[in-house]
Structure formats: C-alpha cells, structure tokens
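Okay, so subunit A shows up in both of these, paired with subunit B first and subunit C after.
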Partner chain A sequence: MSDLNTQAVARYKNNFLKEVEERVEDGHWVKMCMQCGVCAGSCPLGPAWQHSPQKIFMMIRAGKREEVLGSDSMWMCTSCYNCIVRCPRKLPITHIMHGLANYAHRLDLAPKGQPTREIARLFWDNLVKTGRVNELKFSLAMYFKDGFAQGIKNAMAMQGIGLGLMKAKRLNPMEIVGGHKCKDIPGIHKMVAKAREIEDRRRGLA
Partner chain B sequence: MAENKFAAYICSGCGIGDVLDVKGLEGTAKKDGKMAEVKSHPFLCNAEGVQLIKDDIANNGVTHVCIAACSRRAKTEAFNFPEVAVSRANLREGVIWVIAEGSDHDEIRQEMAEDYVRMGCAEVKKMALPDGNLKESSSKRILVVGGGISGMTAALAAADAGYEVVIVEKTGELGGFARNLVKRVPFSGPYAEPQATGVEDMAAKIGANSRITVHLNSTLAETAGAPGRFKAKIAQESGAITEELVGAIVQATGFTPYDVNKLTELGGGQDNVVDQAGLEALAKSANGGVIKRADGKEVKSVVFVQCAGQRGSGGNGNGHHLEYCSGHCCATSIKQAMYFKDANPDVDTVVMYSDLRVPGMGEDFYRSAQQKGVIFTKSKVNKVAGGGSCKVDFKDLILDEDTSVDADLVVLATGQVPNAGVNLDKWTEIVTLADGGDAAAKAQTIEMKKGSVLNLEYRQGPDMPQFKYGFADSHFICFPYETRRTGIYAAGPVRRPMDMLQAQEDATGAALKAIQAVENVEKGRAAHPRAGDLSFPKARLEGCTQCKRCTVECPFGAIDEDEKRFPVFNEERCRRCGTCMGACPVRVISFENYSCDTVGSQIKAVNVPDEFEEKPRILLLACENDAYPALDMAGLQRLTYSAYVRAIPVRCLGSVNTIWITDSLNSGYDGVMMMGCKHGDDYQCHFVKGSELAGYRMSKIGDTLKQMGLEEERVITHEVAITDHERVAKLINDYVAQIQEIGLSPMKF
Partner chain C sequence: MTASIATNQTILVVGGGISGMTAALEAAECGKQVILVEKTPTLGGRTAQLYRYFPKMCHPTCGLEINLRRIKGNPNVKVMTMTEVTAVAGARGNYNVTLKVAPRYVNENCTACGDCGKAVTTEVADVFNYGQGKTGAKVKAAYLPHVMAYPQRYVIDPSIVGTPEGEAAKSACKYGAVDLGMKEETVQLNVGAVVWATGWRPFDANKIQPYGYDRYANVITSVEFERLADPHGPTGGKILRPSDGKEAKNVAFIQCAGSRDENYLRHCSRICCMATLKQTQYVREAFGDEGKSTVYYIDIRAIDRFEDFYAKVWQDKTVSFVKSKVARIAENAANGNPVLHGVDTEGYHRYATEHDLVVLAVGMEPEVKGVKLPDDIVLDSSSFIEGSKDGGMFGAGAAASPLDVNRAVQSATAASLKAIQVIHKSASTEAA
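Take a look at the complex of A and B:
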C-alpha cells in the first residue's frame, strides 16, 4: 500500500464519497447522479467494462473504495462524450472517469499492467523528459513494454510501416540518439513540478 | 297558451344544395313532416338566414323550429332561439360529408337526407320548451367539511369570490395534518429549501373573514336535502346541535397515515422506527436544533424507507398493505432528510427508494437534497430491525447485492388512507340484509353510520360513493372535480393521494364547482355535463308501478322514495342524463325536450323500404358526449360510411329505453347499433354509470330478440371514445356488411 493510500484511508475512514468529492477532479458531481442508467446504456464500450459509470457512482456512495479504485472501467473510457451529452443531470461523466483513473493511479491502486495506464505512463515520461514527444523512442518503449522477445516480435510486425514512414520523411532514425528537445529543459521540469505541487495541495495529496 | 306552429328551415349552403335535391327535401318536410312553414336558404347561419327564422318566430307565431343544416353540435350560437323548441336535422356532417360522392349514390343519399328531415320534424313536434326548475329560494352558502389545508383553501377561495362559507372541523383548531409539520415542501422557485407551512396565516385569515363561520370540535350529524337547500345538522362535542342551510358542500376531510404498526416486516411498532408523522413530531421538539430520538440520543444516521407498505408488490411494500402510491412521500422524505442535514451536515441520511417520484417541480428539490449530501440508494428494503441500533437489510438494485446498513433512526414513508366515510357498496349490502329483517345487519348499519362523514339522508347511503381504494368519488379520467353527488365535491387527499400544493389547487377547483352548483340551482339549470340544461325529469306517477328501478339506477342518487315507494325527484341533484327514463319499464319518466316519444317518433319517421328494395335500415343510437361528436368528426374528415344508417343522438346510453329497440325492430329495421362511452374501472361515461347500465340492460335483450324470432346480432353495442372517428366509420360499414350477410329483417311489411 502506498503512503498516499494509507494516509487517505486514515483521513476519510469509511466516507469514500467525501474522499472522491475532495480529491477527484469533478468528484463533487458524483452525489448528483440519479441512477437513471442513461450513461450505462449510451457507452459504446459498455459490455467491455467491469462496471458502468452508473455502477461506479453507486459503488462510491456505497463506500466500495478498493473495488472502485481497482476497477479497470475508468481506463476503458475512449472519451467519446456520449454519456456527457446524454446525462439528464448534466454530470461531466467522462471527466469524472478520467479523474477517478488519475486518482487510482496516484494511489497506485489502479490495475497493474492495464494497457491504457501503461501507455499513458510511457507517453508522460517520454514527454516530460525533453518537453517534446520523441515518437521513435515512444514507439520502441511500447514495443518492448512486455519484454524483449515480445518487443522484437512487435518491431518485426511493424517493420513495413516504419520503413514507409522513414521513406516519407515522417520518421527520423537519428532521433534514437538524443532527438529534438525544448530549449529550456530544466525550466519544463520546474514547471511540471510546480503544477504537481499546486494540484496536490488543492486535492489534499501533499 | 298560444297554438303550436311548426316550421322547418333547410340550408343549402356548405355544398348541401349541390348534392341534395333541396326542393325535394322541402316537399318532404311539408308532406311527411307536416310543417306549417317550410323555407330554404342558401346560407342559413348567416345574419340574413338567422333573421329569417327570428322574424318567423316574432311575427308568424312559430313555436317549434326544425333546422335541417349542419350537426346539432355546429353553429349553436347562430341557431340559438331560446324562446322556441328547436330540433336539428344533420344534413352536412350526417349526410353529404359521409356518403360517397358520385351519382351512383344520389338515390340513397337523398333518401338519407329525407329521413333526417322527417326525423327532425317528428322530433320537434314532440318537444316542449323546458321551463326550468326554479325554486322560490335557494341558499348560496358553501359548507366546507374539514379545516385542513384543503378545507381552508376552499373556504378562502369561495369567500374571496363573495360566497358565505361554513367550516366544520372535527378538532379544536384549524390546520389539519399540516399543523403538525415543521415545514413543508417548497411551492415556488428555486425549490431548494423547505418552507414554513403557512397554516397559522391561513387560520388567521379565516378568523378575520366575516364571510366565514367556523364550527370547531364539530361533526356533521345529518345532511339532508339537495343542492341549494342542504340542511346540515352540526353536532358539537358537547352534543349541542346547530342547523345550517347551505347550497353546496366541499368535502375536504383529508387522510390518515397508514397505521405504521401494521408494517411489522419493516419494524413498525419497534423502538426508533417511526413514520413520517412521527419524524415531524421529533423534529418539532428539536425546534431547529439537532434531532433526538425518543430515548434522547442524538440521531447521527437516519434511513428513510420509501413506499413503506405502499404500491403493492411493485415498490418497497408488500401486497397486503396499500396498493397505490401516495404521491407526496418522496418529496416529504427529501424534506425531512433536509431537517437533519440543515441542523448538522455530518448526519448520515440515506433515502432508500425503488422509484423516486417527485411530482411538480420536485426534481429541483431532489437535486437540492443531493447537493446537501443526502444519499439516495435505489434498493428494495427487505427487513428493518428497530431498537438501540437499527438495522436495515436491503437489496441494492444497482449493484444487485444483498447488504445492510445500521442507523440510529429509521423513517418509514407510509401512505395516505382517505377519510372518506362509509363504503356505499358494503352499506348497500348490509342495508339490504337489514331491510330483510336481519337484526345483526341492522345493528351493523348503526355501527357503520358512526364512521360516516357527511351522514347524508340519501337513499343511496350516508356518504359519497368510493373508488377502488376507498377514495371519495370523482370522475377520475375525464372530469376529476366531478362527483356522483351533485353539489358535493371532494377536495384534497380524500379524493386521491396528493401533496399540499396539489391539495390547494384541488380545493380551489372544488370551491369553483360548489359555486357553479349553487348558481345553477338558483337558475333552475343542470350542472355538468349538461350545464345550463333547463329540462328535468317529470314522472307521470299515476302510471308508476313502484318498481324502484329509477331510484336504484340513478347514478347521482337524485331520486328518493316516499313511504309508498313512489319516486321523489330531487331535481337539484339531477344531471339530466335520462338514465331513469331508460330504466322505466312503463315509460312514465320524460323530459320536456327529450323523451321516449321524441326518440320513438324519430324512429317511426324513418321510411323503411320493403324487403324487395334490398336496402337495409340500421338504427344508430349514439351518445351525444363522445360517439356523436366522433361521427361528426368522421364527417369533417370526409370519411365515408354506409347510407343505410340513421343516427339519433341520445343524452347517454343509459337513457336508451328498450322500447326504442323493440319498436325499431318491429317496424322493419334490420339492426340496431349503440355507441356509448367506455365503462368499467377506467370508465369514460360522462354520467359515470350510464353506459354500464346500458350494457347490462342490453345483455338481457337476447330473450326479447329470440321471442321476436330475430338473430342476436341485430342489436350490438360498442364503446366509442371521442377520438374514434376512423373507427366509427369502420364499425358502421362492418355492421352493415354483417347485416347484409345475415339477411334483411323478416319484420318488414
């Protein structure tokens, strides 16, 4: 259990709804759900989810903390915004889903190896390093995220596309060494650190 | 009295003249209709045409007018001649608009038009101008029974409109159920916070109003009479009796909460399990501070169980309690949850519902409670255990799992039970036994009468008729303010479950109905739905056989019996449906402008072709409230139907006397169709029981037909709604086809 998680459990005891309200982006909307189920019926990925948004909201109210934060549901959201458009109570459901996913990730309760979570992490790390996305390194990191042998297999399978991109000058093989970057990398790092500090303070995670 | 002079006016406008031989119709009116004056006009409903008729009435001594033009439902303002009897022959909606175009149909179309002219002439000859039912004096005071929110609203509304009001209240103060509430659900924007009930203000206004007399600690010992002349004996607790003369009555006797102790499966009767009224008492003693239980412990967590003992097996309740939803309880629980949240936001408040129903602007109120942090759980409560720490076992309907929650206090949202007095169906049963000499039944009637609210001196029993769930009478589907006791109107939760705002609206409606009733009585006119009708039933008692059918069948309890069991008509209670006329086996009951004769003569006026012509004739008796408008509508839509039917509007199918059926079949008609309103629990009959009685009578007509050697199919009845214009045309065509298949009547000569 992460320190943040231990601290959250101690602080909110059994009141998970309150925790969500204070610590999850747009979490204060959860109490306004009227359980009509329109979101669950509107989600194109509905059958692929462990829990529909409707159930997630009900579980939050019922205090099912581990189940909610450990659910893969929020990670399955494709941000199609169907639920937001249709919600009769105007809940920003997509945003709440992302907020919950983010919170679960911060507390390290999100499912391990969940592909969306892994890709997001790789993307973020890639971006923050230089302030620019290094597409070659990001692609390679993705190929090799499940081990070396799998990485080689993935790379072989994508060979044709890679060569094509190179021919069309869409992919520079030289990016593998260093690559393009921002002018003020320490400045970017400082900025991100400050943003996190503000965010954590606001959400009581500091 | 001046001599009768009959005149017929035929309009050739609206295309009537184009497809009908108007000269021919004039001849028919003259020769067959035996009209003294026959005139035609190309545009009868314009100023010139109307003036033509007016001049004849003023200068030529015309006393009876037959207008052959459009339907009797059209141009009623133009063709309004109150000083003469008027009949209408329906050539437009009834003939030219519904009979197929083309010269192939010229002959049958003309025959149909001629028949309608003959019928109009025959009818008007049997009509007389009704003189109304004027009584020397009538009271316009309004008696309000019950001094709660509904009663006070009705009283204030009637008083504001200038009428004197008498309030009878059982308890020692005005306010009713609402007096015990801490606050009420909001009635106006932003619908976010509970509001003061306003009961004291209303009571003060009533106290200050010189038009309103209040009798506290009083009940009705006896109510006799009829609209305009009700004699109410008001008994005080002490036994003293005051008599008040009133014109109309508003019954606003409210409800009693369902007995929470009966809800044993939901912990009813156990410690710290209360109903909503019980919670109001706890909140009242908290006086805005933290709410404490009966044992003095501060409530930190509370669970509201919605639909407790309500909605049969559909909601949280169980079948053996109330079947229905009481409508107000969801909003009331929301309000009560706010009592807790407003005093201390940290109190856990959970509302367990299966369907949250918040009528009006309740959705905003619901949202406001969610903002305050009230938790709503869609669930079915299986068991509640009361005691020091209550436990609620429930099934979460979203997460589909059985679970439980602990709480300091459980509130059961029980339903409203109407204070509607004696159930008349049971009453009639017992009284019949008692009349038969059953001593136990006799004792039971006395016991039952103790539970009566109005103590009416009516042959039909001491209270208003009741609905399925014991709510006081109303014409629930079409005219919710109407009742079967003219001049007595139910308002508030005694009529159907409702909240305070609805009760106030209901009460103003009832007050208006009461005002209408007293005004109509003063002018000797009928109340809804034949509002303004001056005719009323007259009986030739020398022909009466004291069979009591009219007194039993009158849907409005208008007819009492004297010692010799002759009917005694209370015209003020009568609604002019004619059900008594349809019931009378010796046909001694009639109206001046509507009688066995007015319809019978129309039936006889139709020219029935002999069997070799192979033209059937079908009599169509259509209820004027829904079926006849539907026929008119079919005309407006230019739907075509057979030219073999002859439609006669009747006030209600209940007024159809079987003599019309036997007479028409005897004189060679091939079939009789009847169209009336829907009956049953969701009836649409404007006179409540008329179409049902007609259905019952017609179910017995098979024997008569058999005696006559006719097929049963020659008489059929249909339930028709006002929107059924397409269906009526099809029903007619299908029936004509069916008759042609059976073959023409053997009774032609």
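Take a look at the complex of A and C:
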C-alpha cells in the first residue's frame, strides 16, 4: 500500500463518500445521483465495462473503496459526453469518472497495466520532460511498453504508417536525439511542481 | 356589453377547466359576481379529456356534469368562451382587464342538431382527441368540441369561413345560428380580483430526443393513450397502435418523460405515476390476462392514500415494474415494435426489451409558459403562477402547481377564498 493510501484510509475510515467529495474532482456531485440509470444505458461502451457510472456512484455511497478505486471502468471512458448530456440531474459524469481515475492513480490503486492508464502515464512523462510532446519517442514508448519482442512486432506492423507520416513531414526521425523542447525546461518543471503542490494542498494530499 | 355588469366587486377567473370552474362556483355561491373566461370553445379543460379518474376509476363526466349544472343554475357566473386575457392594468381591488373574444361563427340559436357538421366535408385536427399528435384524429370543420361541451354549441373553424364550405354550413342551419360575419371583439372589464386557473399542457415529447416520439409511430404520450382508451375517443375505446392499427397488448409506460429532468422540466409533475398505474388497468380491462403492462420508473410516487391503489396494481399479474429510467428507444423495423434500451437499478442488468406500444408519461408544464403575463405576476422556476405582488391575483389548480384533479379543486377553492377576501377588503375600504 502506498503511503498516500494508508493516510487516506486512516483519515476517512469507512466514509468513502466523504473522501470522494473532498479529494476527487467534482466528487461532491456523487451524492446528487438518483440512480435512474440513464448514464449506464446511454454509454456506448457500457457493455464493455465492469461497472457503469450509476453503479460506481452507488458503490461509492456504499463505501466499496477498493472495488471502486480498483475498477477499470473509469479508464474505459472515451469522453463522448452522452451521459452528461442526458443526466437528468446534470451531474458532470465524465469529469467525475476522470477525477476518480486520477485519484486511483495517485493512490496507486488503479489496475496495473490498464492500457489507458499506461498510455496516460507515458504521455505525461514524455510531455513534462521537455515541455513538448515528442511524438516519435511517445510512439516508441507505447510500442515497447509490453516488452522488447512485442515492441519490434508493433513497430513492424506500424512501419507503413510511420513512413507515410515521415514523407508527409508529420514525423521527424531526428526527434530520436533530443527533439524539440521548451526554452526554459527547469521553469516548466518548477511550474508543474507548483501546480501539483497547489492541487495536493487543495485536495488534502500534501 | 359585458363591461356594464363588471365592477371592482367582480372576480375574474381565467381558465374554464376544473380549477377555473371550481374557483368561479365557490365565489359565485358565496354571492360574488364572477366572470369566467375560457380560451377554447368549451368549459371542462383537460379534465374533460380524461377517460377515468384515479384511484376510483370513475368517469370525469360525472363531476363535470355536476359542475355544469351549478354553473347553469347560478346567475352570478357569466361564462365567456373563446376569450383570452390580453392585458391587465391597475392594482388589487381595481383592475382593468382587456379581453379578446374570438369569433365562434355560431350564435345562441344553435341547438347542437349537427346539420352544419353534416353539410361540411372539410376536416381539421380534432384537438379534443389530441388529433395534432399521434392519434391523428380529425373532426369536421363545423363541430361540437365534445359530447359534454358547454356551451352546447357548434363551432365553425375559421379555415372554412369565406369558402363554399362555410356557406354550406350556413345554409344547412335551420335556426339561423351560423353567422359567418362575426368578428373578433375586444372587451374592457373592471374587476377587483383575478384568479389565474390557466391550467397545464403536456410537455412536448418531441424534445425528448432519445425516446423518438418524432421518429417512431408506436411511441405515444399518456394523454393520447387516455383518448385511445375512451369510448368517445378516435378508436372507440380500443387500444390500437398508430403504425398498423394492431391491438397493443404489450404496453410499456415510461415515467418521468420530461419531468424531474434538468434538461426538460425540473419539477416532479406528481400526477404521472398515478396516471400510469391507472392506465395499466385500461390494458387489463381491454385484454384481460393477455394484456401486459411494464412500468419503467425512477421512483413510484403514489402519495398518501394512493399507496393503496399502487399496492393493488402491484398485485396485478399483468403489470410488472422495472426500476430504470429508459436510456433510449430504437425500433424493430420488421414489425414496428419500439425497443427499449437501458440498465435497471435493481441488479444493474442491461436490457433491450421489445413492446407493441410505448406510452410516455409526459410531465405537466404550465399552459402559460412562454406567454407574456402581467408584470406583477410572480412565477416559480418552472413558470407556475405563485400570485401577484400586489396580492390581488392568485394562481389556482394546475396553473399554480402540478396537481391532480382532486388537489386542483382544493387549490382552486383556496384561491377563490383569497379572491373573496380581496373583494371584501376593497368593499369595506369604499364604505369607510
């Protein structure tokens, strides 16, 4: 268990709803859900999920902390916003799902190796390094996330597209060495650290 | 003409449905002078369009007849149909009201014999049977609004005035009752208090995009279903679905169609749960054990004594309940059956269920929503009338809040009492 998680458990004991309200983005909306089920029925990926938003909200109220934070459902959201549009109580469901995913990731309770989570992590690491997304390195990192052999296979499978992008000047092979970056990289790092600090303070994670 | 009888001791009641009739009668029977104005050609309002009442399953025509008798027998009430209020000036105890009276093209000589209707071939939408909606009911352009209409007088639709059809109606009348030269009139009235009993209208189901009322023939509204069940309705009381006229034995009812929804109506319309429970019994009556009703709901709100009726319907083997707000409706192109998609809350099961017919239990919205009312009128967040700031105008019945008939009558009686108090106060001020 991560330290953050141990602290959270000690602090909120069995009141998971309160934890969500205080620490998850838009979490204070969860109690407004009236369990009508329109979000669950409207989700195009609904049948592929472990838990629908409706169910997640009820699980939060029921204090099912491990199940909620360990669920893959929040990571399956494609942000189509059908649920937000149709929710009769105007809950920002998509945002709550993203908030839950983010919180589960912070506590390191999110499912290990969940593809969306891995991509998000790679993207973030890639971005904050230089302040610019290095698309070549990001693509390669994705190819090789499941090991070297799988990475070669992925790269072979995608080489046509890669060459096409290069021809169209959408992908620069020289990016592999250094690549484009912001002028003030330490400044970017400071900025991100400060933002994290502010957010953690606001969410009681400091 | 009318102006001469109205004084600041007169109460104006706007709307001739069950609430307006009640408010007018209560005041009139206390000896007050009352003018009851109604926009349509007949009294009765939406109550007259119901087949049965819940929970006793009795017929609205019964109470309607009693009220009409009271009105006919009371010289204190003056009824003006086809009349709308266009302006209200002045203040509590002394209002100056402007009325617009639309031409009926039929005068007091009418005996409701029906000869004009027979002489005419043009048809118009039968508003009483929601003909502008899914029932598609038509009526001759010279018509009696419905069998219980008051006044019992025909109406000529303006569309045939000035055409040979209009002349045919005129020449068919043996009593000289058809007067095609009638013009719109404006009337000024002096009144002391105003009761707004302008009622409700069903929420426009076209706005609920995922339910496809506009796309699928067999998705209808609860008010239309009410007409289907009524022997005076367009199908003679048979529950036939619009697409192919087949008997609809497997009926789905979707609750909160528009209500309790920040996207449509933010209030609970209160009546729809009971109306649906009642309508499941129409299905049972029509098809016995072969009928099947499925109610899709968020919560069933059968308040106080209605709980007994809910318990009774719950026992009915032909009725089942699914705790879920339906997410969307699709259509089985092969047979025209609507297919309901959603996830239920009791177990989170995903379903895709086919029915012969879907009835949307549409919410109530105030008839005056979007209408320019006097500046002094205060509306709530759903446009229901709370009253006027000067305390001389009152909302009554479904204009004031989404209410069933029973509670609308209570509300109207209360509003009537308040109006009487205004009249008494202004009378005593003048005397002093």
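As a working rule, the second predicted complex is superposed on the first by the 206 of 206 C-alpha atoms of A that agree within 3 Å, B and C clash if a C-alpha of one lies under 4 Å from a C-alpha of the other, contacts with A are read in each partner's own complex, and residues count from 1 in each chain.
Criterion: a residue touches a chain if its C-beta (ideal position, glycine included) is under 8 Å from a C-beta of that chain, and two chains touch if they have at least 3 such contacts.
Since we're looking at a predicted model, the values are computed, not measured.
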| item | value |
| --- | --- |
| When subunit B and subunit C are modelled together on subunit A, clash or fit | clash |
| Contacts of A:Gly204 with subunit B and subunit C, given as first, second, both or neither | neither |
| Subunit B versus subunit C as contact partner of A:Gly187, first or second or both or neither | neither |
| A:Pro44 touches, of subunit B and subunit C: first, second, both or neither? | neither |
| First (subunit B), second (subunit C), both or neither touched by A:Gln54 | both |
| Touching partner for A:Ala62 - first (subunit B), second (subunit C), both, neither | first |
| Greater subunit A contact set [subunit C / subunit B] | C |
| Partner chain in contact with A:Met34 - subunit B first, subunit C second, else both or neither | both |
| Which superposed partner A:Arg86 touches (first subunit B, second subunit C, both, neither) | second |
| Stretch in clash, subunit C with subunit B, out of 42-50, 168-176, 258-266 or 384-392 | 168-176 |
| Common ground on subunit A, meaning residues reached by subunit C in one complex and by subunit B in the other | 34-35, 54-55, 89 |
| Subunit B to subunit A touching residues, read off their complex | 356, 366-367, 370-371, 373, 375-378, 396, 398-399, 403 |
| Subunit A-touching residues of subunit C, taken from the complex the two chains share | 210, 256, 260-263, 298, 324-328, 341-345, 348, 350 |
| Residues of subunit A defined as touching subunit B within the complex | 17, 31-32, 34-35, 54-55, 58-59, 61-62, 64, 89 |
| Sites on subunit A touched by subunit C in the complex | 34-38, 40-42, 46-47, 52, 54-55, 85-90 |
